[in-house]
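Shared between the two complexes below is chain A, which has chain B as its partner in the first and chain C in the second.
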Partner chain A sequence: MTKQYVGNSTSTLDHAAFVSGRSTYTADHIFPNQLHAHFVRSTHAAAKIKRVDLSGAERVSGVVLAMDGMQAAEHLDPIPHFVDPIVFGGKTTNLRCLALGQVSYFGEPVAVVVAKDKKTALYAASRVNVEYEPTQAVLDASDAIDSNAPRVVPEWADNMLMQVPFGGGDCAAAFEAADHIVKTKLKVHRQSVQPIETRSYNAVWDHRESAITLYATAQNPHPLRYVLTNALRMPENKMRIVTSASGGAFGLKMHGHPEEALICLLAKLTKQAVKWIENREECLLTGGREQEHEVDFAINADGRILGIRDHFLANVGAPGGTPGWGMAFLTGLSMPGPYDVADLDVLANIVVTNKAPWSSCRGYGKEVTALALELGIDKAARELNMDPVQLRYKNFIKSDAFPKKSATGLIYDSGDYQGVMEKTLQLIDYDGFRDQQDALREEGTYAGIGVAYELTPEGGALPGTLVAGYDTSTVKVDPSGFVTVLTGVTDPGGGNRTGIGQIVADELGVEFEKIRVVQGDTQSCPYGFGNYSGRSTIVGGGSAALAAQDIKLKIITLAAVMMEVPEETIEIAGGIISTSADAGSQMSFVEVCYAAYTRNYDIAACIEPPLESTRTFKPGLISHTPDEEGKINPYPSYSNAAYAVVCEVDIETGKVSLKKFAVVHDCGKTINPILVEGQACGAVAFGIGGMLGEEILVDESGRQLTTDLVDYTMPRAADVPPIALGHHDTPNPITFMGLKGAGEAGVGGSAAAVVNAVNDALKCLNVEVLELPVSAPIVWKAIQAASLGSTETES
Partner chain B sequence: MAVDMQELVEDSVLLQCRVNETPCEEFIHPTTSLLDFLRENLLLTGTHMGCMTGHCGACTVMVDGSIVKSCITLAASVQRKKISTIEGLGEKESLHPVQAAFCEESGFQCAYCAPGMLLSTVELLNETPDPSDAEIRSALSGNLCRCTGYQSIVRAVRTAAKLYTADKETQE
Partner chain C sequence: MNLRMQYARPRKLDQATELLDALGTGAMVIAGGQELMPYLNYGRISPSIFMDISGLAELEGIEETAQGISIGALTVHRQIQINPVINSALPLLSFAAAQIGGGRQVHNRGTIGGNIVAMHALYDIAPALIALRAQIEVAGNQGLRTVPLTELLVETDHDLGTKTLLTRIVIPAMDPASGWAYEKLKITEGSYGSANAAAIVLRKPDGDLQVDLVVGAVAEQPVDLTGPLSERLRDNPDTDLDEQIDAVCQAVITDPISDQRGHAEYRKAMACVVAKRAVAAAIKKIKTS
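Right, the complex of A and B next:
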């Protein structure tokens, strides 16, 4: 079959709507008699709630309803966790939409006010009076594990949400046997994904049906419906969730947030449409990635890594319903990344504190695996005086070793890590830079080059949860030959709808312009799991292709009868049906579609109408049956990439500027190069931003100091250098078309490359920064400390 | 006694301005931002909210030909001025060259930032028809994008510059 669209940079479906302000995002829905909600949030990180006085708000004219945690609890059951830690042997707790009796983080919703407009709701919320009795907050993970630490959840014996070992082999023996042991202490700071579109929900009550339609910024509408109807004690089929165009998600819009169920309840109680739009300060409460690692490498004199030990602490904040905490689990599971190390001893200590809960973040913990491994390898290279690239080559899994089972039980599908790295070095001219580095130094320029590798398991499935590996699509062809694809995967804004459209256009042999892709509506789309884990094109595209093939078979059967030629001679391309049996004869796709619906009692009796099919794509390799060591493989696909960056550090100010960036990635087969490239560049910007400036800070009592986008400095156009991109694809043998997934990969690899480049630039000053970020003040301090240290030794 | 917010502030003001060439007259609350006015009163939801503090650029519109952040501009301050929003730039059948360039180069993913990026580009190209990459990056410094890493946006602006010049030449 000739592919007309797949593999080409077809422009985004409905692109004209996107650039003319005509696409609809969730906040754009405005309904008749629209009401607006505003939350009253805790001003303490830890406190008992003595009293909530709503009367001040209730007296404001235009206020329809005000509610505290006690009232909410009468109507709402605890919200089910996206993934309950208890499934993985951790602790669980009841999650309330509004605080009940106590607050456990700054910004926790305590009360809510609904009014006729936003301003009134905001004003009235300021008149809610909450009396707190502050208690001691615990903010650092290392403090929280102290046996005397105050408990974040009073009924728990300690603050350990979960402690999970990962690994295999005999790590102790490896450390015994090694020539060198290199220890790296690494602190990853709290970051947040911050899409430009914040969350918003608009719930509409249908009085006749006692049903709710929720317009939501949600990555996973069907599983969200399960959660909400459970909390609201209503039948699952009485709720419809509609997601509109998404203004970026990156994990933030995976559910479990308290506002989701509450806005539905408010619509039910007021019998009107109730809307809430998160403000940026609220959005900045969600965090992620705050981990402290002690990574030890056991290395032989020839550079071979014999064993890796990493006992780490993850500060996941207070318990929350979103799957944020699971990131720390993945950090452990994804070790030892692309390296061939069988003796592995990893211990994830996942700790709760009085910070706001994590939301899931792009990279989903695997970015921290990359940081820990890649910063560790570079430190080893510095200590052992080896080239960091050669050290990686010595330890990469070889390209002929796949499928490869990792020490934690994952089964890597395919890869050529050294090949990917070599291409990256060519792109950035690694050797050329090394040749110039000393000369630059003599001119007073502190330039450095950093490399890093990232392996990103994608398309994950967790047993016993609504995080599934498979997904489903329906394809429908109208009598007029137009095609509608309804799919269970959703588009977080990265363009998977376009990719799915391309696949279906090719499978059916019709024009791309005839395809409409509908996603994110629980009423019309087949049950599906939405987007996460870079899965959408793998399973959405795969299932849509299967459904399209079913329909194509019917069309071929019918066309053959109509043209009076054998089926195997039929060809469909570009909306034209032709036959190799008679070069002169052809029909239009539309003609045959019309006949399929209208001639079923004569010529079309050979097929069953309608031209519709629903199919599921279930990638292989995922295995939920534990092996002899009790390990499972939750991932079908392992995309991977190498990153290299050249930076300059201004040693007077500590400011790091990036000069050149190169990425080569292996995402299997590429459906749409320009969209995949866009994903890759976006991930790089995330990685860069996370290391150069983005940081969420709280004061010593736990009140958040980072409240706007000046405090939280995400990269702007001038902060991101030009990115040279390359591909080195080894198709995944078991997914549809060899796709591996794109989108999630890249945050950790690029972040690690940046830190490695900074440390390379500062190596001559004996400065090493492993407490992140490498923002100007932190780098400056490190330079000062080193120069003070050296003057002291001199004197 | 009921406290009415309306009583706490001045009376409504009459705003008269032109939005995308259409004259409009509306009574508004004096504290209404231009962003809310456009989105809620005129239902022009192509202008987006990302922060309400002037830092993200999602709400960028043009007032008398210069870009402003509509979230920190009071609607009452655009009295008798000309406002252009993304909806006025061009539509499917008649895309403005800057829009065409962003489509061609995939200068967006989720496109939430796109309206602001496009209007900032229009302003840049009106002043500097053939900008360098550094000028492009600096002109877009008021607009955050979280999806693209800016690479495709910069490429789109370069293409827009070419189309824009060609377009102007044919018009002349």
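Right, the complex of A and C next:
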């Protein structure tokens, strides 16, 4: 079949509205008698709540309702966890929308006020009086695991949410046998994802049906409906969730946030529409990635890695309903990345503290796997005086070894890691840079080059949860030949709806302009799981293709009857139906569609109307039946990519400037190059931003210091160097057209490449920075420490 | 917080100062709004009356006077960047105004008066103005007074924005023979400076250098290094200039700030770095006739 659209940079279906600022976002919806909610948030990281006095707020004219945790608990059951840690052998706790008796992080919602306008709600909230009795907060993971540490959850025996080993083989023996052991201690700081559009919920009460329509910034509308109707004690079919254009998600809009159920409750109680828009300060409370690793490599003299040991601490903040904590689990599960290492000993210590709960961040923990492995490999290269690229080549899984089962039980579908890396090095001119590096140094320029690899398990399915792996689409063709695709997957702004449209246009043989893709409405779309884990084009596109193929068969059957030729001679392309049996004979796609609906008692009796089909794409390779070691493979797809960056470090100020960036990635099959490249560039900006400027800081009592984007400095255009992009696709044998994910990967690989480049630039000064970020003050401090050290040695 | 804010927009300076005097503490002066609007949106400020001074003609315009270039307080950063009079007489100020963060929107709304009145440790304009020996005109109910910016910054009772108004900034034109530079160190493009320095260097007839040097973003207020540096240069004429700047920074910067732009030790060290870089760049720009 000729592909007219797949593989081309087709313009997105909704670009004009986005570019001209006319897209409708969730916060744009306004309903008659619209009410507005404002939250009162904890000013302490840890405290008992002695009293909540709402009377000051209730006296304000225009206030409809004010509520504290006790009142909320009367109406709301605990929020179901997106993924309950207890399923994986961890601890669980009841999660409340408003704090009940105690607060366990700064910014935790304590009370809520609903008023006729935003300003009144804000004003009234300032008149809610909360009496706290502060208790000792525990903020660092290493402090939290001390047996005397205050308990974040009083009823727990300790602050360990979960301790989970990953690995296999005989790591101790590998370390015994190795010629070298290289130890790398690294600290990854708390970061956050900050979409331009923050979260927003607007719940509308329907008197006639006693139902709620929730307009929500939600990546996973159907699973959210399950969670909310459970918490609200409502029938699941009495809630409709509608999403709108998305101004970015990056995991933030996966659910479990306390405001979701509460806004619904407020609509139910006031019988009106109640809206809340998160402000930037609230949005910055969400975070993730904060981990401390001790990665040890057992390496032979020839550079072969025999074993990897990594016992790490993840500071996931207070318990929360979003799948945030699961990122730490993924960090362990994704070891040892692209490397062929069977002897692996990983221990994830997932620790709760009095910081705000983790919320999913693009990369979902796999970015920290990449940081730990890639910073460790570079340290090994420095210590063993080997080229970091050659060291990777010695240890990559070979391209003929797939499918490959990893030491943690994952089954990698396909890949050519060395091929990807080689292409990347060509794009950045690795050898050319190495030739110049010494000369640059003599001129006083401290330049370095860093490479990194990232393997990203994507499209996950977890047994017993609404992280389901498969997804479903409906394709409908109208009597006039227009096509509507309804998918269970959603689009966070990356453009999968366009990619899915391209796939359907090609499968049906119609013009792309005739396709409309509808997503994110639980009332019209098939039950689905939304966007996460780089899955939407794989399962949304795959299921839409299956449904389109069903319809195409009907069209072919009917066309063959109408044209009086055998079915196998029929071809459909560009909205024209032709037959190889008669070069002069043609029909339009539209004519056949109209006949399918209107001639069912004569010529179209051969098919069953309507021209609709609902199909599910269920990727293989996922295995939920534990193997002999008890391991499962939750992922069908393993996109991967190599990153390389050239930097210069101003050694007087510690400031890192990036000069050149190259990425080559393997997303299996590229549906729309410009969209895929947009995703890759965005991931690079994420990785760069996280290493150079973005950091969430709290003071010693746990109050958050980072409250706006002046302090949380995300990268600007001038911080991001030109990015050279390449594709090196190896098709995934078990997905439609060989697709792998293209939306999630890249944060860790680009971050690790930046850190490796900095350490390469500073190698001649014996400076090594492994406490992130590599922001100017930290790099400067490391340079100072090294130069003081060397002065002392000299004297 | 106040739910029903009032708004006043006087058309004459004396009306404005009278009104301010009468209103007392509940009033807040607003011009370009770049400082106040974000706080207002968050509910962090709630004056009973906003007094919008954008209608005061006395606070507008750029004029050449006997005392120097007189710049109205309402002049926006963008005008300072592109105005030909300022470009030619005060190129350091034009350059420093271009380094203000926030992009073109902020440059088109934010005013030089608002920038000064904010007295924000990390803002860009003040170090350049101090190096340029700017005089500030302040109007109050008692009339108009002129005060050097350095003095205004340490006054505790200037009542700017609540009882008095900053009306104009008067700056003597730079010596065309001088070299100048403004160095700003930012961790990333979007962040405030971790340190900045304004330098004006003139070669005196005897061949010695006269250095005006002010560092900012390192302490609560810009630190004028000019006096201490000139003493050191006089007392130790043979020592390397960079060493002298280092020594002066070390001696004069006693209470560096610590925030997300860097810890105190870093800030002090960076003040030294940008100070040296600014002086070196300024020397390079000295016109040799």
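Here, the second predicted complex is superposed on the first by the 795 of 795 C-alpha atoms of A that agree within 3 Å, B and C clash if a C-alpha of one lies under 4 Å from a C-alpha of the other, contacts with A are read in each partner's own complex, and residues count from 1 in each chain.
By our rule, contacts are C-beta pairs under 8 Å (C-beta built on N, C-alpha and C of every residue); 3 or more make two chains touch, one makes a residue touch a chain.
Everything numeric in this text was worked out from a predicted model, so none of it was measured.
Asks: In the overlay, answer first, second, both or neither for which of chain B and chain C A:R716 touches.
Replies: Both partners, chain B and chain C.
Asks: Can A:Q426 be said to touch chain B (first), chain C (second), both, or neither?
Replies: It touches nothing on chain B or chain C.
Asks: Contacts for A:S623 in the overlay, against chain B (first) and chain C (second): which applies, first, second, both or neither?
Replies: neither
Asks: May I ask you to name which of chain B and chain C touches more residues of chain A?
Replies: B
Asks: Answer with first, second, both or neither: which of chain B and chain C does A:L692 touch in the superposed model?
Replies: A:L692 contacts chain C only, not chain B.
Asks: If we overlay the two complexes on their shared chain A, which of chain B and chain C does A:K119 touch? Say first, second, both or neither.
Replies: Once the two structures are laid over each other on A, A:K119 reaches both partners.
Asks: Should A:T270 be classified as contacting the first partner (chain B), the second (chain C), both, or neither?
Replies: A:T270 sits against neither chain B nor chain C.
Asks: Output check: A:N279 vs chain B and chain C. Expected answer is one of first, second, both, neither. What do you get?
Replies: It touches chain B and chain C both.
Asks: What is the contact status of A:K781 with respect to chain B (first) and chain C (second): first, second, both, or neither?
Replies: So A:K781 only meets chain C here.
Asks: Looking at the overlay, does A:T653 come into contact with chain B only (first), chain C only (second), both, or neither?
Replies: After superposition on chain A, A:T653 lies in contact with chain C alone.
Asks: Shared contact residues on chain A for chain B and chain C?
Replies: Touching chain B in the first complex and chain C in the second, residues 119-120, 123, 279, 708-710, 714-718 of chain A appear in both lists.
Asks: Could you pull out which chain C residues touch chain A in their complex?
Replies: The touching residues are 1, 3, 38, 42-43, 185, 187-192, 194, 260-263, 265-266, 269-270, 273.
Asks: How about chain A: which of its residues touch chain C in the complex?
Replies: 119-120, 122-123, 126, 279, 281, 652-655, 689, 692-693, 695, 697, 705-706, 708-711, 713-719, 775-777, 780-781, 784
Asks: Within the complex, which stretch of chain A touches chain B?
Replies: Residues 9, 11-12, 15-25, 27-28, 30, 59-62, 118-120, 123, 127, 193-198, 245-248, 250, 277, 279-280, 492-495, 674-675, 677-686, 708-710, 714-718, 720, 722-723.
Asks: Given the complex with chain A, which residues does chain B contribute to the contact?
Replies: My answer: residues 1-6, 29, 31, 36, 39-40, 43-53, 55-56, 58, 85-87, 89-92, 95, 99, 102-106, 108-115, 118, 133-134, 136-138, 140-141, 143-154.
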